[in-house]
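Just below is one structure, and these are the notes that go with it.
Letters A, B, C and D mark the chains in the order given here, with residues in each chain numbered from 1 onward.
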Amino acid sequence: MSGNSIGEMFKVTTFGSSHGPAVGAVVDGCPAGLELSKKDIQDELDKRRPGTSEITTSRRETDQVEILSGIFKGKTDGTPITCLVFNEDMDSSVYESIKNKPRPGHGDLCWTAKFGHYDYRGGGRGSGRTTIGQVIAGAVAKKLLKTLGISVVSHVTQIGHIKANKVNINLIESKIMQNPVRCADQSAAKKMEKLILELKEDGDSIGGIVETVVLNPPPGMGEPVFDKLDADLAKILMAIGSVKGIEIGAGFDAANLTAYEMNDEFYIAKDGIRTTTNQSGGILGGISNGMPIIVRMVVKPTPSISKLQKTVDLSKMEDSEIQIKGRHDPCICPRVTIVAESSVAIVLADHLIRGGFIHPSKILKN
Amino acid sequence: MSGNSIGEMFKVTTFGSSHGPAVGAVVDGCPAGLELSKKDIQDELDKRRPGTSEITTSRRETDQVEILSGIFKGKTDGTPITCLVFNEDMDSSVYESIKNKPRPGHGDLCWTAKFGHYDYRGGGRGSGRTTIGQVIAGAVAKKLLKTLGISVVSHVTQIGHIKANKVNINLIESKIMQNPVRCADQSAAKKMEKLILELKEDGDSIGGIVETVVLNPPPGMGEPVFDKLDADLAKILMAIGSVKGIEIGAGFDAANLTAYEMNDEFYIAKDGIRTTTNQSGGILGGISNGMPIIVRMVVKPTPSISKLQKTVDLSKMEDSEIQIKGRHDPCICPRVTIVAESSVAIVLADHLIRGGFIHPSKILKN
Amino acid sequence: MSGNSIGEMFKVTTFGSSHGPAVGAVVDGCPAGLELSKKDIQDELDKRRPGTSEITTSRRETDQVEILSGIFKGKTDGTPITCLVFNEDMDSSVYESIKNKPRPGHGDLCWTAKFGHYDYRGGGRGSGRTTIGQVIAGAVAKKLLKTLGISVVSHVTQIGHIKANKVNINLIESKIMQNPVRCADQSAAKKMEKLILELKEDGDSIGGIVETVVLNPPPGMGEPVFDKLDADLAKILMAIGSVKGIEIGAGFDAANLTAYEMNDEFYIAKDGIRTTTNQSGGILGGISNGMPIIVRMVVKPTPSISKLQKTVDLSKMEDSEIQIKGRHDPCICPRVTIVAESSVAIVLADHLIRGGFIHPSKILKN
Amino acid sequence: MSGNSIGEMFKVTTFGSSHGPAVGAVVDGCPAGLELSKKDIQDELDKRRPGTSEITTSRRETDQVEILSGIFKGKTDGTPITCLVFNEDMDSSVYESIKNKPRPGHGDLCWTAKFGHYDYRGGGRGSGRTTIGQVIAGAVAKKLLKTLGISVVSHVTQIGHIKANKVNINLIESKIMQNPVRCADQSAAKKMEKLILELKEDGDSIGGIVETVVLNPPPGMGEPVFDKLDADLAKILMAIGSVKGIEIGAGFDAANLTAYEMNDEFYIAKDGIRTTTNQSGGILGGISNGMPIIVRMVVKPTPSISKLQKTVDLSKMEDSEIQIKGRHDPCICPRVTIVAESSVAIVLADHLIRGGFIHPSKILKN
C-alpha cells in the first residue's frame, strides 16, 4: 500500500487503526531547535477528542499523547518525532453482529476488494480515529508556522441548509470555541446545534462545510506545475474521511463569473503589493500571493446511522439489511475542524521548508 | 522547485514554457509491450490544439508531437517515454509593453516572489500551454487503461449561468464532439456558445464546470490514508491552471444531505455487488467501489482580458492600469476537457499499477 | 531532514535514539494476509541484542518488541506495521564528562554542523542502536521473501588480517551460530575471537568484512537506470553506521581482471539459463540474473575506544584529549551481520513488489 | 519501472537508449538565476565523447547538446531544464547476427526476464551511452557547486595491476588531461595506456579504479539515517554501468585497521576544526565533516569483447557461442571519470539544497 506518508521535506507518516493497540504519527523533517512540549500536542488533540458535548460521539477516550522520539531538552533535535495515543475505550462487540454486512457510505467493501478482508471493528484504519495522526503532526507544524507569525484556523460555515454569516477572518479563532459547533456566527451556531440534535434523535446525521483560513502567509509558497500549493491542499483535505469536495477562494461560484468579476486587482499597499479583493483565496498560479488563504471543504453526513438501510450479507451473498448501533457523531463537522487545520498546517510547513522560508535543519535565530 | 513530476509508479515529468523552444513530457513506468504510435498521442493533442473554432484563442500551433525515446518496434519498451512539441507561433512582442505590469488573476507576481523574476512572455511555465505535457502522458495512460476496458471522458456541464441537462454517461463521448463547447446537451451547448461569443465581444471571459467520468473502473484502486484515489484526483485536477474547486459524486450538495439521503445502498447485481445510487461518485473511503467515477472541477474565467484593469507598475512601484491584447480563449472550458481527461487517466494508470491491477514491467497476455 | 525513510513500495521509516524513550520502525506497504507474529520479530532482534558474549558491549537490553499496528488476527492487514522497543539500560552519566569533546571517528561534530547541536548521550540518533529499526523491518521483509522461497544470510569473512576460508553458500546459515563471531569457517572464527579479545584488552577495536548472500532470487529484480538492484543495495548497506565500502560479486578484484576472466558465460541448465561462474554476484545491468546475490561490506573498527585520543573542547575552542569510558563492542561485525541481512531483505522486498513478483496489496494464494 | 529519476530537491530524470532517436535529461529543482549556457554543458559532454583517442571506442558521435527548456535570458528560470543529444552514428546492423545470443557480462538476459524482451541494439537503455544523461545533469550541478566554491574531479588510480602513485589532490585536475587515461601520475599513465592497447590487440578488455575527490565541501551535508551522504554517493555511483564496488576514505583497508589507526583526530585549525588525517574520506556518521570527500569505485572490464565466449541461443534454447564485433572501449575507465564526477556533483547539489546551503528557488546574491 505505502500510501500513509505525505510531504516532501516535512514528511508525515501515520499509523494505527480504530480498534488496534494505538494510533500515531512520525514527523520526519522538522528542523532542530523548535520548542515542543507534550502539552503543545495534547492541547490540539483535546480539540478533536470525542465525548465533549451532546453533538459528538459518546465514545470516551482521554487520548493522552506520548512522545517517543525527536525531542531533546524540550526542543526538537532534527530527528523523527514519533507520538502515539493508545486506544482505550474499545467496544468491538457491537461490530460482531454486522461483520458480514458492509455499511452503506463506508469503505468496508472497497477495503475487501483491495486487501482481501476488512477490519469490521469500527472501520479499522478507515476510521476517523486515524486522524489523530494528522492532529499530532499538525501540532508540530503549527509551532513551526508560529515562528513566522503564520496561523491557521478552521470554522464551520454551513450545516445542512443553515449557512453562517461572514465573520471578520481575524476574529474567527476567538469566536469558534464559544459553541460546540465551532461556528463563528453564534446565531447560526444555535440553529445548527438544534438541527444536529433533531437528526440525532431521528437516528440520522447531517453534512456541512468547513472553511480554513491561513493568516499572514508569505507570498511565494507552492511548486508548479504539479506540487502547487492549492493542489497539495486539495489532496490532503480530500484525504480526510467524508470529504467530498474542496474549493479555494471563490471556488465553485467562479463558474458563473466573468474575468472582470473574478480577477483581483493589484494596488500598492504599505507593506507591499496587495489585491483589492480576494477571489483567488490567496493562491494564483498555484503559488501563494500573500493574501489570506481561504479553502473550504464539504463534509458528508456521518454514514453510520441507526436508521434501517439496505445492504448485502457477504457470508451468504444475498441482499440484506443493516442497523448500525455503535456510538457515532450526528455531525462530524465540528470535530473535523481541527483535522482540517492540522492538515493545512502540515502542507504549509512542507512548502515553507521546500520554498526556503524555513531552514530545513535548524531554527535560525533572527 | 522540483514540483514537475507526479505519480509513484506511472511517473510523469513535464517541462517547457509558452515561449521557450519546446514543451513536453517524460513518462517513466509504463510497462513494456504496450502498442503505442505517434498517432495515439497526436490524436489527443489535436483535441487540445488552439485555433479550431471561434471560441478558442487564435494562436495557431500545429502541435506536432515527436517521440524521442521509449518505443521499440511499435511498442513501449519499459524505459522512459519522452515526447515533445516544438513551439512555433510565438509572438512575444505583444508582451513587451506589459512586462512590468503583473496581470490580475495570473501568477506573475507570485512567480516573482518565488524565483526573483517571471517570464512575462505569456506566463512562461505558468501558461496553459504546458498542459501539453499532461495530454501527452494522458495519451499513454489511456492506452494502458484500454487494456482493461476502462475509459475516461470529460464534458462541459456549465458555462456561466447555463447548466446542461444530465445525459446518460455512456453517451457522453459520442455527443461532445458535435459542438465546439464539448457539452453533451446540444441545446445547452448552443446557449453556451452564444454566451461565450458575447463575452468575447465585450473583451471579457467566462468560467464553467467540467465533469470527468470514468467508465468500468475496477473496485480496489486507492491507497489510504493519504494517497486515496479521490485525494490524488483532487491534486492533479487542482494543479491545472484556473481550476478553483473539485468535487466527487454529490460533492458540495452533500452539505445539505442527511446520511440516509447520501448513503448508497448495496445490492447483489449480476456482475457483483453494486449500489442503487452513486452519490459517492464511485469512491468510498478513498478506494474505488466499481461504480463509475464522477469528478467535477470549476474553471475560472480566463484572466487575460482586454477590458481595462487596475494593476501596479513594478519598474516604478506605483499604481497603474493594464489592457491585455494577446490572443486568449474567452472560455477555456472546452479545451480544458482534454486536460482533465488526461489528468484523470494519469492518476488511474498510476493506481492500477500501484494496486496490482496492471503488471509494473510488462503487459501480460490474457 | 526527512532522510529516515527508505523504499518505494515497501517503505520503511525508522525513529528513535540511543538514550531517548524508544527506538522503532514503521513498515508501510507490506501486503495484507502475511502471517506475522511478535516472535518473528523478536527472534531477529535477539540476534542483534547486545550483551550475549564477551566480544560484544556489556550494555544489557532485553530489547522486547511491541507491535502497535498493522496486524489483525495474526496476519498483516495491509496498513502500516509499527513496532518499537523501549530503551531500558540507559546510563547517560558517563557521557556528561565528554559532552563538549567530539569523539574521533564519530559524527558528533557533523551533527553539530548540521543541526546546531548534538545529542552527546551515546551518539543519539547516530547510535548503532537505531539499527533496531532495520532489524524490525527486515523481519517483516524476510517473512515476505519466504513466501517465494528466498532467503538471506550474512556472515563474517574477515576480522583484521584474519580471512575465513570459503564455505558452501548453502551451509552458511547453519554454521554461523556455532561461534560468537558469526563466521562460517570455525577455525578462522577462533582466531578472530582471540584477536578481538586482545584488542579489547588493549582498549582498542578492530574492523572486518561482512558478506551477505541471497539464495534463490528470481531473475528480473531492479529498476535501471538509477534504482538498480545493486545501487539500492549499496545505498542501504552504506547507510549502516561504520560501513566504508560495498562490493558486489568480484568487487574490487575486477580492477585487475580482463573481460574474458570477469564475464560469466551462459549455459542451458535444467531450470533455465545459468552462468558457469558468478563473478557478477547475481546482478548484471542492475538487474538480478537468478544466480545467488553476493554483496560484501567493510565495517570500520568501533570508533569508541578507551585509548587516549586527541580532540577539541568545544566549550573553550581549544585542543584537548579524550578517553571514552562507555560500554562498547571491540568489534561490531558479528552484531552487524543481522543488520546487513535485514537491510538486504528490505531492498529485496521493495523490488519484489516494484517488479510485480509479489502483489502489492495482498498475499495471493498459490 | 520508474527508476529513472534520482534526487529529492535537485531531481534528475534521464531518458533514451543507444540506438533510439535521442538521449537526454530533465533537471528539476535547479534554483533560478544561475548562469548556464549551452557551452557549459557541451564542454562536459566533450570529455565523455567517444572516438577521441586510440583507447576508446571508434564510434563517432559529435554529441551536440540542445537545450529545450529552463533557460531564460542566459540564466536558469527555476523550471525544469531539459537537454538532449540526438543519436547519429547508429550502426545497428552488427547486432542483427547476435540478437538471440545474450552477451556474457551484459544485462541482456536480465532485461528479458524483466520486460519480456531486450533491445539487442547496443544494449538499448542498458548502454553506457545513457550516461550522457548524468553528464548533462552533472554540468548543471557543477555550476551550482561553483557558486559555493566547491569542485569535483575524478581520476583513474588503477588499471589492471598498474597502480598510480598518490598525487596532491589539489593538482589532480591539472594533470589528468595530459594523457588519454586521465591518470594524474604520468608515469603510471603510460604503462596503463600500453596495457590497454595490448588487451585491445588481444580482443579483450581490462578493469580499473576511478577515484573522485570533492574539494572544499562544507560540513553538514547528509540526511541520516538512510539518506546519508555516503549512502547516496554509493547509490548513484553503483548505478553507473560496470561499477562493482564503492569505497569511501580508507574503504576496504578499514577491515585491517584498529580504531586507533582508523580514527581521525581533531584539532583547531585557522578556519575551523579539522582532522589530522582523512581516513574517513570526509564523511562521518553519514554527514560531511568539511574535509575533502574521497570516494573510489571499481569499474569492471568492458564486457563486449571479440574473443570467443560461450552463451546460449534463445531462439533454439541451446548452448551456443558468441564473438562480439561492435566498436567497444578496451578500458572504459578514462571515459567513466566524467560520469563519476557528474554523478557526485548531482548528489552534492541535491544535498546542498536539502541541507539549506543553497536556496531552493533562487540564487541569492552574496
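Assume a residue touches a chain if its C-beta (ideal position, glycine included) is under 8 Å from a C-beta of that chain, and two chains touch if they have at least 3 such contacts.
Please read all numbers here as calculations on a predicted model, not as lab measurements.
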Result of counting contacting C-beta pairs for B-D and B-C, higher pair: B-D
Maximum centroid distance from chain A, chain identifier (CA atoms): D
Centroid distance [mean C-alpha coordinates] between chain B and chain A, Å: 26
Centroid spacing, where centroids are CA-atom means, of chain B and chain C in whole angstrom: 46
Distance between the centres, which are taken as Cα means, of chain D and chain B, whole angstrom: 38
Per-residue overlap in chain A, given as positions that touch at least 2 other chains: 1-5, 8-9, 14, 114, 125, 220, 355, 360-361
Chain B residues within the chain A interface of the complex: 1-6, 14, 102, 104-111, 113-114, 123, 125-126, 130, 133, 158-161, 199, 204-209, 218-228, 230-239, 241, 244-252, 254-268, 273, 275-276, 280-281, 283-290, 298-305, 307, 309-312, 317-319, 355
Complex interface listing, chain A residues touching chain C: 1-5, 7-11, 13-17, 20-24, 26, 28-29, 31-33, 66-72, 77-82, 84, 114-117, 119, 124-125, 360-362
Of all residues in chain C, those that touch chain B in their complex: 8-9, 220, 354-356, 359-361
